[in-house]
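Per-chain numbering from 1; labels A, B, C and D assigned in written order.
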Amino acid sequence: MSAESYLVADKGVKSWLTTTDHKRIGIMFLVGVLVALFLGGVFALLLRLELLTPGRTYIDALTYNRFFTLHGIIMIFMFMIPSIPAVFGNFCLPIMLGAKDVAFPRLNLGSFYVYSAGVVITLGGMLIGGADSGWTFYAPYSTTSPTAVAPVGFGVFVLGFSSILTGLNFIVTVHTMRAKGMSWLRMPLFVWAIYATSIIQVLATPVLALSLALIAIDHGFGLGIFDPRMGGDPVLFQHLFWFYSHPAVYIMILPAMGVISEVVTTFAKKNPLSYKGIAFSSIGIAFVGFLTWGHHMFVAGMSIFDTGVFGVLSMFVGIFSAIKVYNWVGTLYRGHISFTTPLLYFFAFLFLFVFGGMTGIAVATSSLDVHWTDTYFVIAHFHFIMVGGTLTAFLAAMHYWFPKMFGRMYSERVGLFTAALVFMGFFFTFFPQFLLGNMGMPRRYYSYPERFQALNVLSTGGAFLLGMGVLLTVGNLLVALKMGPRAGKNPWQSMGFEWLTESPPTKHNFEASPVIDRGPYDYHLGLD
Amino acid sequence: MAHETRASTYLWTWLALVVLAVATYVLSRLDLGALQVPIALLIALVKGLFVVMVFMHLLEHGATSRIFFGIAFTFILLLISLSTADVMTREQDLPVPASGALAPRG
Amino acid sequence: MRAPSAVAAEHFEDLKQQGHAARLGMWAFLGQEMLLFAGLFALYSAYRSMYRADFHQAALHMSVALGTANTFVLLTSSLTVALSIWAARARRPRACIGFLIATLLLAAAFLVLKFTEYGHHFAEGIFPGRYYHFAELPQHGAHIFFTLYFFMTGLHALHVIAGMGVLTWVLLHALQHHWTPEHHVGIELGGMYWHLVDLIWIFIWPLLYLVL
Amino acid sequence: MNEFMRKMLFLPTQSSTIAQSIDTLHYTVIAGTMIGATVVFLVAIYFVVRYRERDRPFTKTPAIHAPVWLETSFIAGTLLLFLVWWQVGFAQYVELATAPADSIEIYVSAKQWMWRFAYPEGATSIAVLYVPAGRPVKLIMTSRDVIHSFFVPDFRVKKDVVPGHYTTLWFEAKQPGAHDVLCAEYCGTGHSMMRGQVIVLSAGDYGKFIRGIVPPLPAAEPPMPPSEPFVVTEQGAAQLQTSMVVEGQLAAARWGCLRCHTVDGSPHIGPTWVGLYGSTRSFDDGTTAVADEGYLTASMMDPRRQIVAGFKPVMPTYQGLLEPPDTAAIVEYIKSLQHAPGGTRVLPDVKVPASGPAFVPAEGTDVR
């Protein structure tokens, strides 16, 4: 190694806090989102504990409502949205493009501090009373709730700007910082996914920012624009909210799809069945994802006309995901498959994504959605596809890029075990919830009729299994961080461009700007 | 980047914008019925294009910027049209009594 | 975006790449700003189709003179800021400074007119949200119209103020003869931001002031 | 088959006429999606087993690109299936959203955290909705505070109840029985306690109910145990009440409507109510409209929006004062006044302060 790795090139806490190195910023985001995952997970377990019995188990209804609001806000805005883009996007995207850094490194650091500020404000709002409006902030409940909706809403508003800045940075980076020879069709699929995500982040998040600002202003100062007492229409808030929050689902899942594309090609040592299919369907999802927000509102008092339009558009967005699934599976065909922890996570992802996605088509069917919407069926559906998809891909990425980031190898044996544990936990937490939804148990229920109890107990059991699985996974990686064997430059024998650098990379990634003369998945050429 | 827009171009653009603004004002004083809003918005759109293309140099900047701008504009149109379509196609939309009973916030 | 120095930052290949990146970043940022306003325009559109007659009544009550005057003020400020960039490109630093100062003065004039108008509204009891108590137009539609009016023009005014901040920063650099034909990305970006303010007003003006 | 699938999927009973057809689509879609997902997943497993490295050293793999026809047919096939589901589902949705013309109309007002039902004949009940079996029932719903959602799992129907709007929902219960009503839209601390019941009565029992005779509870086991402490029921909800028209007459007197509107056909400060319903109104701006229920309600809530030619804009708004049942009752009363009665009937103008509708009459039935 001619130069020191980025981890030790500069020393001291200050060198980390003021760094503009995309890799270090990625690591700082990693710490941030892991803390958020832990907090959100704790709230999830507290919720599941309360739901063990039909009536009060150990907390009152208001506390429960605050807990599920915080669980949602923390998991969505602090964990899932920044998880893959801000951590692995930051770490890998410039390297994959053959660049020394992102286009605006200082803006990138700024994005981290905006994120931190958002976390502090939101959690501060939680300490001074906590919101109980749910992460959806539906007016007029959110504007009349006696809890601290305004600070929490403002915190999410700030988190949104962190997301916008990260997305903006990536868009410009992809356009302007590609190495020589890196044509658009040679970009790794992860880059395509992050690029599509960034478009959504930049163009959808401001609408969320605006609608949350309107809610916070109404809650704080009584300047209501959705207040029915003044002729306002609460349904319009839902339009604005879902205009962001439906595409936000793709902010979470598109990067996960990108990770999966990298994992499946690396461990099958195969070119993707259709590179263009996967790449362009990411863009397709980003675009059509903007046209389907109304399927959250089929029973909200929206017109029949809009229900029809949004219903049919929702079917189209499903197609793009189906293209990806076919391609991933097809990529395995005649590959050279090594069964590792990331690949096991790929299978967990595939299961959760395909079954969850198919239930998504089911809930997009207008008449079926009438029974399912706002019940546990929807909870189970989006936890399968969005949380399950993002979490398994996030963990796959953690294992896949762990040697890249830290230069050490984790224990494969323990990794496979914890991956299985996470998957089992996830399945037993959320599968019963599909059935609960069919039975008609509405979401956000603090107490429930007794006939729902058996499945709720099963779900709570699964949740603790899941929590244990995630803790063990992180533990395994922490042990590897200290004691894992040296990984070497390219332990997976991947042809991905990020493996062209040292593991861990040096401060400037490349000694000389690389020239790209092949695609990232040209396994038919054999390894270099 | 094709550089150097001449100062006279800016002046002409400004003049065109002023003329269009006056036209908007005059047309708004006439009774054009249902066409009133579309015409006003069309003129605003033309004015906007002048500003974006000449003043903001979108003509000089790369195709990428134009595409990005186009996408943003498309999404704006979608947001406005689909949410307004909901309101316009609801079956019945009567004002409703009895919201006064809303409890004052504590 | 920071002031680009005459040398490209170390992670860029050259100045051209850096300028391209900066402009593209600005466009992405402006796209974001447009979507921020789009939410309010969507609300306007939906509420207008709900309360057509009330919106008509309420718009009749707006001061067309002030709104139109502001339209011309902003259009002219767009011209002056464009000319300041032209001056920088043509190596005329004094003209550049002059045009920037003119732009800032026009921006201040816009705010003065705007706040005068707010003052008139407040005097009549036209406030946003629950503080609205204008006896002549008690309808819900008027109430919504004026609340939207305050949100739209208020958010726009915030952008005017932010734009003035940006232009002041540009002016400070211009005073040091910082902008040259070779190097004027900063002033160009500042100008783009200012044009956005004009762009949005171009749509706000007919919708709120001209009775449609 | 139907029963088997229903139990497999943990679905509740199919107690409305539309439930079974929705469930049939449900089975189709779920079976289709689950089979599709399983096939995809099994193929992936097969590939992994078949193409494991098994310690063969890696040399190279063939570059395989999906032929266009294969990609296109996969996409087209999947899309076609999805579109068929959408088509069937949307047709059912339209059916769910369009109440038959002969439906019984019941007004529902929701508030934190209770349901209140007002029947066309004037009876009201809280938390328990009584409906006849075998007749379509249309609920016209609004909320007094935040958004709620009226959900009857056994009927497969759900609709948000939105303040500032009327939303509607209809169903036809197949036979007498009791079914849960759940609030499905989060509405605060009492959200999960905001439950009620639909009691489906036989036609005969329903007839007795609206005449004020408390119906016997149906023989069917109510799915919700009666011991649940937080269900606000009002078993004896229906004391004999006056009909909706009489209720409307009293409400009109209480609110002072009759000081400006006459019921004998003569114009006064406001237009007479006789023959008002169904007539075509001309306004001072030259437009016209037919006076239907919507117009009448709108005129109470926003009277100055359209002024009937020849009258002054003096009527105050009753928005926020009149409750939905009263509004509905007044509308019914106006509807009943198609012809001027033989003699002039003057109702006692009591308990109304001179300043008009500044005072809200107490409501005995309102449980807070």
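Heads up, the rule we're going with is that contacts are C-beta pairs under 8 Å (C-beta built on N, C-alpha and C of every residue); 3 or more make two chains touch, one makes a residue touch a chain.
These figures come from a predicted structure and were not determined experimentally.
K.L.:
Could you tell me which pair, A-C or C-D, is linked by more C-beta pairs in contact?
P.N.:
Pair with the higher count of C-beta contacts: A-C.
K.L.:
Suppose every chain is reduced to the average of its Cα atoms; which one is closest to the average of all protein Cα atoms?
P.N.:
A
K.L.:
Taking the mean of the C-alpha atoms as each chain's centre, how many Å separate chain C from chain D?
P.N.:
45
K.L.:
Determine the centre-to-centre distance between chain A and chain B, using the mean Cα coordinates as centres, and give it in whole Å.
P.N.:
34
K.L.:
Just give me the whole-number Å value for how far the CA centre of chain B lies from that of chain C.
P.N.:
Centre separation, chain B to chain C: 14 Å.
K.L.:
Please set out, as single numbers or ranges, the residues of chain A touching at least two other chains.
P.N.:
140, 144, 171, 175, 203-204, 207, 228-229, 231-233, 235-236, 239-240, 243, 301, 304
K.L.:
Give the residues of chain B that touch two or more other chains, as numbers and ranges in rising order.
P.N.:
64, 68, 71-72, 75, 79, 83, 86-88, 91, 93, 95-96, 99-100, 102-103, in rising order.
K.L.:
Can you list the residues of chain D that touch 2 or more other chains?
P.N.:
Each of 145, 163-165, 302, 319-320 in chain D touches at least two other chains.
K.L.:
Could you list, by residue number, the parts of chain A that touch chain D in their complex?
P.N.:
60-62, 65, 132, 134, 136, 138, 140-141, 144-145, 228-229, 231-235, 268-271, 273-274, 277, 298-301, 304, 307-308, 311-312, 314-316, 318-319, 322-323, 325-330, 332-339, 343, 347, 350-351, 354-355, 357-359, 361-362, 364-371, 373-375, 435-436, 438-440, 442-451, 455, 493, 522-527
K.L.:
Can you list the residues on chain C that touch chain B in the complex?
P.N.:
Within the complex, chain C touches chain B at residues 20, 23-24, 27-28, 30-31, 34-35, 38-39, 41-42, 45-46, 49-50, 64, 68, 71-72, 75-76, 78-79, 81-83, 86, 89-90, 140, 188, 191-192, 195-196, 198-199, 202-203, 205-207, 210-212.
K.L.:
Across the complex, what residues on chain B touch chain C?
P.N.:
3-7, 10-11, 13-14, 17-18, 21, 24-25, 28, 36-37, 40-41, 43-44, 47-48, 51-52, 54-58, 61-62, 64-65, 68-69, 71-73, 75-76, 79-80, 83-84, 86-88, 93, 95
K.L.:
Can you tell me which positions in chain A touch chain B when the two form their complex?
P.N.:
140, 144, 146, 171, 175, 199, 203-204, 207, 228-229, 231, 233, 235-236, 239-240, 243, 287, 290-291, 294, 301-306, 309-310
K.L.:
So in the complex, which bits of chain D are touching chain A?
P.N.:
Touch list, chain D to chain A: 9-12, 22, 25-26, 29-30, 33-34, 36-37, 40-41, 43-45, 47-48, 51-53, 56, 58-66, 71, 74-75, 78-79, 82-83, 85-86, 88-97, 145-147, 149, 151, 153-154, 156-160, 162-165, 167, 180, 182-193, 195, 223-225, 228, 230, 320.
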